[in-house]
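For reference, the structures are reproduced in the following blocks.
In what follows, subunit A forms one complex with subunit B and a second complex with subunit C.
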Partner chain A sequence: MRIPPQLERIWPSMPVIGALLFTSVLLLLFGASPLESYAAMWEGAFGTQAKLLSVIAFWIPLVFSSAGLLLTFKAGLWNIGIEGQIILGSIGASWVALNVDAPSYLLIPLAILASMIAGALWAALTGLLKTRGGVHEIFGGLALNNLAIILTNFLISGPWQPPEGGTFRGTQPFQDGVLLPRFADSRFSPLSLVLLVVAYGLVVLALRNTFWGLKLKALGQNARSAFLLGVSSNREAVIAMMFCGALAGLGGGVRVLSWFDSLRQSISGGIGYLSLLVVMLAQFRLLWVPLIALFFSVVLNGSITLQLRTQLHSSLGGILTGITVLFMLLFGDAKRLGFNTLSEEDDDE
Partner chain B sequence: MRVELNNIRKSFGSVHANDGISMTLESGRVYGLLGQNGAGKSTLMKILAGYQSADSGEIRLNETLTQFDSPAAALRAGIGMLYQDPLDFPPFSVLENFQLGRREGIFLDQKTASRELLALGKRYNFDVDLDERISNLSPGERQQLELIRLLAGGANVLILDEPTTGISSEQKQQLFDSIRKLAREENKTVILVSHKLSEVQELCDHVFVLREGQLAGKSEIPCPMDKLVKLMFAKMPPRSKRPAYKFGQAVLDVRDLHVETYRLRTENLNFSVRAGEVLGLAGLEGSGQDLLIKALAGLLTPKSGEVLLRGEDITRRPFHQRQRAGIAYVASGRLEEGLIADLSLVEHMVLSTEKPGFLVNWERAGEATQDRIAKYQVVGQPASRAKQLSGGNQQRFLFAMLKPALKLILMEHPTRGLDIRSANWIWDLLNKRRDEDTAIIFYSADLDEVIERSDRIAAFSGGVMSRMVNAAETSVDELGHLIGGQQ
Partner chain C sequence: MKGMKGWVLFGVLSVLALTLAACAPAATPEPAAEAEPFKFGLVLVGPRNDRGWSQAHYEGGLYVEENMPGAEMILFELLNPADKPEATLEGVVDDMVADGAKLIFTTSDEFEEDTLGVAEKYPGITFINVSGDDALTGEAPANLGNIMGRMEDMKAVAGCAAALATQTGHIGYLGPLINFETRRLTASAYLGARYCYENYRELNADDLEFTVTWIGFWFNIPGVTLDPTEVTTNFFDTGVDVVMSGIDTTEGIDVAGQRAAADEVVWAVPYDFEGACETAPFICLGVPYFNWGPAYLETAAAVNDGSWKQSWDWNPPYWEDLTDNSRTAAGWVNGEGLAAELQAHLNDFISGLASGDINVWSGPINLQDGSEYIAAGAVASDSEIWYLPQLLEGMEGPSE
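Presenting the complex of A and B:
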């Protein structure tokens, strides 16, 4: 059986459709109306301007880290440490927010720069552990994720605790000058959207048109041949990790500077792990990444309203995303389901 | 056990690996199976050991027609094969490894297994330390354990595939003693697959020689070396009709080089290659020529010695620095080492460019690729992915990626898989590089190619490099002796 080209183009959306159908069956089993539930979810995501802005504000850091992961995945690296890189980005921005006294037009660029540097250095650690120490990036990344969480907890209950006493809740609110200008009293900052468009454009350019992007691609597909063709695998691996870390860190910075106004516990909210799923789901289709991220953002934000509206728990959003991922793994390799994809067609010699 | 092979045939695509081979092997004897690479030795033995099935032909064990569908089935019928790379589990202890091969119940019976293992070790004079990790053993010791495993499994016919590669000479003597004992005292049938004439002479009672998938001849041992050499190697190939060329100064000097891997060691390498010269390395695969090429390329770090490129010491320079210094390396595995299956030809060409700049001009790169693949007669488009090319075209494309003005080109099996016309074309282009003072060192499984394309030839045997011979004056006899390990 051969997949027609039209179908192949929308193949990445198949898991989403499959998951929606599957979840509908689940809802029916629980005696809830799927239509009503999805309507509530839609309402929760797009019902009011505030809700829509919230969806976008959540989406922005998610796309930042997804953009970073495009680079590392291209190079064949499993950057599970992305979660820690987001957290370190938050910490970097918080350091500027709590320690630097400057006018806003200096403070904001400084905070953003600090978040990128912190994320990049944290990612470089994973890269160096891999290339110098032989520690696989998955294990190095997981360990550094835990360290990043511990570091946050230490900071908010220790050196950066609010004057009224240390709790594990967070630092005191930042000075106003460092917060990104927000739109209509929401958590959405247009400035972060501008940064995102620029960053995403640069990533696309790097992957499509630069020599560096080509090296990453070669490395990810066959490290041995890439080496023989002159690509220094260790160096490129560390650099790819650092760029990814910088983007993830920027996402973390946006999170403390606009979504919150202080450094909190579990600051990343699982955005890092979510972005891994986004990029895997998109399978390197660059334009699909923002769309899939948007889908996740809609589902997760929408399910909060779902709980208020119906008796169903908001974890339905989690179930829906989880099942999407399972369907993605199932549909991801079309060949395994017995289809010939278009791209394999011309390989027969 | 008496083993009869009747008219065994096996083809891989259009290649007849075994083209109607018949032989009879009696109990209590040691047989040698000789032949060049690709003569069909391994294929024949894998068929006998149940690793693959023949297209046609029959196997009779003690007059009974037999068929195996797996190595385990062959071992149950009494046939065991000892591979060059031992089939053991390095993280296991010696005892655990042995137990894995035994038929154990649900619970492991440590006591019986260890008693059995120690008894077998004693019987064949092998030191067995039950608790040692396999990964800490030498290749020779691992081989002994494998042998014990096969014997404990009930093997009456033992096939040993190049068993002396990579083991010390004491271990070799120990192995040979055990083999003699197995044949004389326990009436086992032993087959020694080898390319070392001296070993066959030392150990075997009979020898079968394969050439190009057929039985070229058989003989009792002892027999004159000349006879075996003539059976192994076909007649002299035509000499190349290359224009005479005056070699320039030395491009490469190798002094007392010592290269070693866990399998093999090659040392005391001393030679020079001059500008415009082609040095061919003969020898059966894995005899040390690959170590030399990899050490020169910078992929293996030598234990000691010096490598000078135009007088400059590059012994410790890594691969990429040597690449920039003008050394090119063409590996034997195309899609594993050299090409990237899913990358297009343009992308390959850009990657192999010296200083491509930050942004890639895909249009211009596409045109350059088009020119290059036309020159090298690659059938494909710049946008074709590497895996879409046929094997021969992949090989031509590897050559198309070679940079201009190289000092030294290192090649493994340069024209494997190419037809004569393409091979000639590739060599014509390579020979043109003499005008740029490029030197070439290559090895090939195809002895004809080595003789035809080289200026000088050295042969490798068990890690020892022979003296250099002049390609225009040597004979198949002389080379056969050198490849067989005689100086």
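Presenting the complex of A and C:
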């Protein structure tokens, strides 16, 4: 069955539309008006400057890790360890924030660099476990995610605990000089947006216009023949993981240096898993990724107001994202549904 | 034609949604309110039904709604970065204020720092941070107050019950993490235990063993905290026969119940939730719990009529009836595990605390390192109790 090209272009938004309709039905069952609910969500995301800035501030780390995942997915890797890579990035930045004394113009680049290195090294572990130890990256990644959480908890309740002791909440607030300059009392730092635009541009460039991008693609399509053609699958896999980890780590760094001002018990809270969803929903199309990430940020931020306004269940935002996943599974795999025109050739339109 | 399935489903859902949307009532009419509406916000760190800390606050909010005409609660639960990475206290407060909240309770020490920020941002709104001390230290702006229940007294009662019951003379305390609050609560339990061991059991209080094991957090996090089940098991294996819990979850009484079922002579004192004895009633010596309703109601009424003034409230229990939830800030429910004649001693202890004849915080009290904290003949002040720097002499376990 063929579908018209116009429809094909908006195909990735179908799960979203379906999920909205389905959630409308749910809201009606709970006795809430869908129109009012979506209006509350809209207000929660765009109602004031502060809310809009919060949407953007949450969106930035999400796109950082999604950008990283574009590389690993391209290489055929399921980098579920992205969550841990974000966390390690935040730990790296926190280490600089807590241990280095320098002027701001040195401290901020150092903290950002440390977050990228920490994320990259953590990702390399997953990569090496796969290439050297034969541990599939899904299992290695999941294990390392847990380890990252344990490491955070150890740090904030042990060596990095605040002087008054004890609490499991987080470290002492960082020195002011290391925090990214924020816009208008919000948690949004324009600097992080600049970094994001540069990083995303580089990822797009690497995937489209470099030989390395081609190698990753070969690897992703067929690792064995790529190897026969002279692409070292192990080496490229680890390198792809490390670049992804660096980007995710940078997202984690932004999280501690502008969203929070200290290392907290749960610094990511599932942003990594969400970014996996973003990239799959976008079907690896480079331009869709930031838009779908924005959709999630809008839904999650909007659902705060929705919850307060309707006093419905607190996980309504989560339900909406969950339903989106289900609809993605229903609509998403176009090939299996018989739409042969949607081939992977289109993936970097 | 497999692809048709998706479209059919899509079509069905669209039609369904549109039909239902058309049928939906345009807007729910507001019930004609007799009293002037008064909106207040309640921010919880956990879920409203955790059978512990957060649930107690939620019930306090419901109590205000029930007892104050026109009161309406705006609830936000699970505000923590693990459950809601996208939410911030400031964002939630922005919405509550926009919806007309005049008073906002932030019910965790997790929110202490952020509550300072929003209180400065909204000087016309009253904020209450539970368990904090910003109003005491003077850091807080005039529209921010603190409320805490005086659990220390109930912990002394709990310690007394444990000392009355113990046959081995060894009490185990399952502690969460170490901070001022947990130190003073644990120390109060110890002082209550000493008093009753000496005065009712007529034994030497210095022979009473009191071991504190801190698991590292308010509940078990595998791989990070000590496992409270293992800690409790270890207590019972090393001569402890009464385990007191200071954590949010029920492992202490769970393990004690299993041990008792295997004919061991053990008891437990759970914590935080009025119904916590239900797990193993026959070995439960009683439970100390928080009750926020009366303080919240008083605060809401004062804010509503404009008479609220900043204060740092450390609210005492209602001694006439420790289970009267319309009056007490901290309660104690007797357990079936305490034998009748021992219960009589405990009642005597409680009435002594009530009348002021007994004050477990009377000197001489030494800190764990042996230095004098409260001199003989003196009584600890509120701030000496609140800011207890170490555990006390005679308690086993780390102070920091």
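Keep this in mind: the second predicted complex is superposed on the first by the 332 of 349 C-alpha atoms of A that agree within 3 Å, B and C clash if a C-alpha of one lies under 4 Å from a C-alpha of the other, contacts with A are read in each partner's own complex, and residues count from 1 in each chain.
We take it that a residue touches a chain if its C-beta (ideal position, glycine included) is under 8 Å from a C-beta of that chain, and two chains touch if they have at least 3 such contacts.
Values in this document were obtained by computation on a predicted structure and should not be read as measured data.
In the three-chain model built by superposing on subunit A, subunit B fits alongside subunit C with no clash.
Of the two partner chains, subunit B is the only one that A:228 touches; subunit C does not reach it. Contact with subunit B, but none with subunit C, is seen for A:217 once the two complexes are overlaid on the shared chain.
Contact comparison for subunit A: of subunit B and subunit C, C touches the greater number of residues. In the superposed model, A:169 makes contact with subunit C only, not with subunit B. Residue contacts after overlaying the shared chain place A:46 against neither subunit B nor subunit C.
When the two structures are aligned on the shared chain, A:308 is found in touch with subunit C, with no touch to subunit B.
Once the two complexes are laid over each other on the shared chain, residue contacts for A:36 go to subunit C alone; subunit B is not touched. By the touch criterion defined above, A:265 lies against subunit C but remains apart from subunit B after alignment on the C-alpha atoms of chain A. Minimum Cα-Cα distance between subunit B and subunit C in the superposed model: 22 Å.
Contacts from subunit A toward subunit B in the complex involve residues 209-212, 214-215, 217-218, 221-222, 224-232, 346-347, 349.
Across the complex, subunit B meets subunit A through its residues 319-320, 323, 329, 331, 335-343, 347-348, 350-352, 356-360, 362, 387-388, 390, 401.
Looking at the complex, you find that subunit A touches subunit C at residues 1, 14, 18, 21-22, 24-25, 28, 33-36, 44, 48, 50-51, 54, 58, 146, 150, 153-154, 157, 164-169, 173, 187, 260, 264-271, 297, 300-301, 304-305, 307-309, 311, 314, 330-331, 336-339.
Of all residues in subunit C, only 1-6, 9-10, 13-14, 16-17, 20-21, 24-27, 47, 74-78, 80-88, 91-92, 94-96, 99, 109-110, 113, 177-180, 182, 216-218, 221, 223-224, 400 touch subunit A in the complex they form.
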